[in-house]
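Next come two complexes, and both contain chain A; in the first it sits with chain B, in the second with chain C.
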Partner chain A sequence: MDIFKLRKDKFADFLASLGGYKLFAPQKVGESIRFAPVTDAGKVELALANTTVPPKSIFFPQTETLYRYALGNTEMHPPAEGEAGVVLGVRPCDARAQVIVDNLFSWDVDDPYYLERRKKIAVVGLACNKPCVNCFCLSVGGDPASTEGLDLLMTELDDAYLLQPLTEKGEKLSQAVAAVAEAAETGDLDEAEKLHRQAREKINRKVETDGIPQKLPGLWDDALWQNTAASCLGCGICTFLCPTCHCFDIQDEVEGIDGRRCRMWDSCMFKEYTLHASGHNPRPTRRERTRNRINHKYNYFVQKFDVIACVGCGRCISFCPVNIDIVEILRQVKEAR
Partner chain B sequence: MVDVEKLKKIARETISRDDVRCLIGWRQGSYGFRAAPHFVGKPEEADQLIFSPLCSHNLATYLTLAEKLPVPRGQEPDTRKVALLVKGCDSRAVVQQLVEQGIRRENVLVIGCPCRGVVDQKKVEAKYPDMGAAVTADWGEKTVIFNLPSGRVEAPREEVLAGKCMTCRYPNPLLADIEAGDAVAVWGSDEYTDVREMEAGDPRQRWLFWEEKFSSCIRCYSCRNVCPMCYCEDCILDRLNPGWVWRSANTSENTAFQLARAFHLAGRCIECGECERVCPVDIPLMKLNRKLTKEVREKFAFEPGTDPESKPLQASYRPDDKADFIL
Partner chain C sequence: MCNNANPYVPFTATIEDTWFETVGDRCVKTFKVILDDAAARANWSHQPGQCAMVGLLGVGESMFCISCSPTEGDFLRFSVMRMGKVTQALHELEAGDKITVRGPYGNSFPLEEWKGKHILTIGGGIGQAPLRPIVEYVQAKLDQYAGLTMIYGARTSGDLCFKNEFAEISKNDDLTCHLTIDLAEEGWDYNVGFVPSLLMDVNPSPENTIAITCGPPIMIRFVLENLKKLNFDDAQIYTTLENRMKCGFGKCGRCNVGSLYVCKDGPVFSYATLKDIPEAFA
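Coming up: the complex of A and B.
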């Protein structure tokens, strides 16, 4: 597949050439950076650190209506079919996360809402030239220039982006931009390689994950969980901002006679998550909930799908209000006897 | 000023007491400018305690956050005290919890730490970016000192301290069973200029401002959970029948959530600013809380968390209470 070089001053033209698609890219929403529909090319923020909210919100929105209904009537009105789209500027860790989450949404039952979006929305990645202090993707099978889950990889060079199509969808996109981009030269490819290598060297956080899935069951009653959970506030930051966390709740919301059945992100860190109708709660304290969060990512998911459900993006570390640090927890798991 | 070695000694003595279950303080965090809450159960664990400009967390939250599991038959409940390190603002939370009878006086042992201001993580991270190694900090005369891997640097306190500290009138704990240091001078004053500016603005612009902020809320409830005054066991936001606030994250429901929380804190918020500190999407929640704080101060001359003998605002009627805002 042909590799292109897009000069930065042609970036707006590049976005315009994708006019046939619904386009999402990192932008400032309120005070934070997150993926949002593009209405103005000038508002796209690619130079900043990774988004606060991961792009999972495009494929698995925080709230979505499964169908609408009217009280006293059995007709269900599903939402209109989604449009073809492109999500641009996805970091390689977040793209990998989506591939990991695909396992879940196509497991026992195919989830039509999620899978349709996955099929229709192309993922254009942006290699991480400047990993953040809490990135540890290299420890969990990722890479700052990983191509897993991407249709096209962009690498930021000095005054241009290198566009490497990786799939048929990516090839189609790169043809659309051919008019505004030029063919890449060998020197550009070497430059991108060099940047990828330098990015790898900048990642300081490391954890040895070998053996962790096997070790976790034996640590079920270890003091580690109580010690970690002591400071936990039980909020949803670590799970909501996690690119692989995928739990949801389903609620019927009725206003007047108009009802909607919707699903929304849920968090295993909430007390209510496992609360039974009887009042019994099998995970009664934050100790059990913290243990579950780590076990789900590094044990249960590995047993079921043979992949760790953590991509090392570091968001749970950076945003935890009380400095609960998953790399520290994993280190303690490794060292526990 | 608090001498950390003296603080550790106090902590060791305190945790050795038969009537103390645990002591909650701060320790250095795992990276950068972070501190973390530290739970001391044994005297030797007191060695990790710190008291520095990194100690932002209001630990009073943990007094009410503790989960009460049923006591197994034949066992006695643990009634020993929780010892708590508090800054000035944190002490107001303890006072207000006592006033509201959210906690019992005999169950808590307060160790007061006079405070010269804590850092704003965002300001420090912008000033000294990409700090992977743990950085310790201390107070200078009118500065904050950071021990970066590249060496010691000193920053003017205005550039790195949290906004709440710039207007702090209560740097010294208002309630303490044990004083960990001598009182520090008050250097801030609070004229509520931020609130006045907001009040002076055009209401339509103001709504657009809040609409944008609320629409970005991800409903993680970190603001509620971190709040030392949000301790209802059955929170209105968790109710499903009736569902006062739907779970859908959209501008309408998020606004209902944030306004409900602000109103439930009217006359109760002690302005520790924790909600704003923890918000992952940077909603300026203290602008809301401070608006109500200002109203309560002006209308009822009441300041929550300053007097252990006071009654909760909503439970204290005075014949001369202003009523001119009631239609």
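Coming up: the complex of A and C.
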């Protein structure tokens, strides 16, 4: 597939060439950076660090309607199918996360809402030239220039972006771009290679994950969970901002006679998550809930799908209000006897 | 498995009959329901042990075990304890009202595998609801099983579900029914005491027998201990687990015990599977 070079001054033209798609890209929304529909190319933020909210929100919205109904009537109407789209500026860790989550949403029973968006929305990645302070993707099978889950990879060069199509969807996008981009030269590819290599070297946080899934069951009653949970506020930010967290609640919302059944992100860090109607709670304290969060990512998910459900994006570390650090937890798991 | 193209969209169903099994604050009401759509009815097939998501538009959905055996006919039964938002709303409903149903979900009791064996059910309170389909199924195919022993208890005689069915069971020689309540009551001619003690009194032989227990967690714990004292192998003991659920097919995440999802890998588990999962009886 042809590799293109897009000069930065042509970036707005590039976005315009994708006019046939619903386009999402990182933008500042309030105090956070998140993927939002692009209405103004000038507002797209590619130079900042990774987004606060991962792009999972595009495929798995924070709240979405499963179907609508009118009270007193039993007809249920799922929403119309969405349009073809492109999500641009996705970091390689987040793209990998989506591939990991695909396992779950296509496991035995297909989730039509999620999988339809996955099919219709192309993913344009942006290699990380400057990893964040808490990035540890290299420890969990990722890479700052990983192409897993991407249709096209962009690498930021000095005054241009290198566009590397990876799939048929990506090839189609790059053809739309051909008019505003030029063919890449060998030197450009070498430059991108060099930036990818330098990025790898800039990742400071590391944990040896080999053996962790096997070791976790033996640490079920370890003091580690109590110690970690002691400072946990149970706010759930680690799960809401996690690109692989996929748990949801289903609730009915009614206004007048118009009702909808919708699903919304939920968190295993909340007590209501597992609370039985009887008042019994199988995970009654933050100790059990913290243990479940780590076990789910590094043990249960591995048993089911043979991949760790953590991509090392570091959001749960960076945004935790009390500095709970998953790398530190994993280190303790690793060192526990 | 889900019968719809969209697994989240339920079937509508009409309540044909309802009655109260027990009285009091946390009373149990049974609903006999028929799916409205003829094709849905024709395609529906469930086995003892499976569950379904029962809901009311505008209120919500909750998971219940299907408390009837497919051998009983072309309908579904749910026995619902009044407890939370959805169950309170369900208790308001009467014959002719509409509910939504999706499912059936989960695995089932391996009744095919158990052919030729003696079946022992040990239930407590509303825990008899998932056991009732076994009792009905084995009764319907009694020539294929070595017999059925039912041990069932509740706090008071008023808390026993499916009472009117016990007389029928007691009539047959291959079926034995042992009932117990926690404290003596006037007019109560059966056992008095807890289910695990009654199990020891009944003293069933583990030979060629499968024991299935369901009830409050504390009862299950002591029943398991006593079954071990009676020399039952782990693989001869079964139970069903319940957890909060939203989807019913392994997506929403919350019903896990260890790496197993109750909605997909369960609700039926052998003790051989569960004994190594520390969270299983949490």
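Rule of thumb we're sticking to: the second predicted complex is superposed on the first by the 337 of 337 C-alpha atoms of A that agree within 3 Å, B and C clash if a C-alpha of one lies under 4 Å from a C-alpha of the other, contacts with A are read in each partner's own complex, and residues count from 1 in each chain.
Rule of thumb we're sticking to: a residue touches a chain if its C-beta (ideal position, glycine included) is under 8 Å from a C-beta of that chain, and two chains touch if they have at least 3 such contacts.
All values derive from a computational prediction rather than experimental measurement.
Student: If chain A is used to align the two complexes, do chain B and chain C fit next to each other or clash?
Tutor: Fit - chain B and chain C, as placed by superposing on chain A, sit side by side.
Student: Could you say whether A:Ser278 touches chain B, chain C, both of them, or neither, answering first, second, both or neither?
Tutor: Only chain C is touched by A:Ser278; chain B is not.
Student: Taking the superposition on A as described, I'd like to know which of chain B and chain C A:Asp102 touches: first, second, both or neither.
Tutor: Neither partner.
Student: What is the contact status of A:Tyr67 with respect to chain B (first) and chain C (second): first, second, both, or neither?
Tutor: After superposing on A, A:Tyr67 lies in contact with chain C but is clear of chain B.
Student: Of the two partner chains, chain B (first) and chain C (second), which one does A:Asn323 touch, if any: first, second, both, or neither?
Tutor: It touches chain B, and chain C stays clear.
Student: Have a look at where A:Asn299 lands relative to chain B and chain C in the superposition and call it first, second, both or neither.
Tutor: Second partner only, chain C.
Student: Could you read off the angle at the CA centre of chain A, spanning the centres of chain B and chain C, to the nearest 10°?
Tutor: Taking the centre of chain A as apex, the angle works out to 90 degrees.
Student: Output check: A:Asp94 vs chain B and chain C. Expected answer is one of first, second, both, neither. What do you get?
Tutor: neither
Student: Name the contact category of A:Asp143: first (chain B only), second (chain C only), both, or neither.
Tutor: neither
Student: In the overlay, answer first, second, both or neither for which of chain B and chain C A:Asp151 touches.
Tutor: After superposing on A, A:Asp151 lies clear of both chain B and chain C.
Student: On the A-aligned overlay, A:Gln251 touches which partner chain: chain B = first, chain C = second, or both, or neither?
Tutor: both
Student: What's the minimum Cα gap, in whole angstrom, linking chain B and chain C in the superposed view?
Tutor: Distance of closest C-alpha approach: 6 Å.
Student: Both chain B and chain C contact which residues of chain A?
Tutor: 249, 251
Student: Enumerate the contact residues on chain B facing chain A in the complex.
Tutor: So the residues of chain B touching chain A come out as 29-32, 34-37, 39, 57, 61-62, 65, 67, 69, 130-132, 212-213, 215-216, 218-222, 224-226, 238, 240, 243, 246-250, 274, 277-278, 280-284.
Student: Please output the residues of chain A touching chain C within their complex, sorted ascending.
Tutor: Those in contact with chain C are residues 66-67, 69, 71, 74, 76, 78, 104-105, 107-113, 220-221, 246-252, 254, 259, 261, 263, 266, 268, 273-278, 280, 282-283, 288, 292, 295-296, 299-300, 303-304.
Student: Quick check: in the complex, which residue numbers of chain C touch chain A?
Tutor: Going through chain C, the ones touching chain A are 1-2, 5-10, 12, 36, 57-62, 83-84, 87, 98, 100, 217, 242-244, 246-247, 249-254, 256-259, 264, 278-279, 282.
Student: Show me the residue ranges of chain A that touch chain B in the complex, using the header's touch definition.
Tutor: Chain A residues touching chain B: 29-32, 34, 52-53, 62-63, 132-134, 204-205, 227, 230-231, 233-237, 240-241, 249, 251, 253, 262, 264-265, 267, 270, 272, 284-286, 317, 319, 321-325, 327-328.
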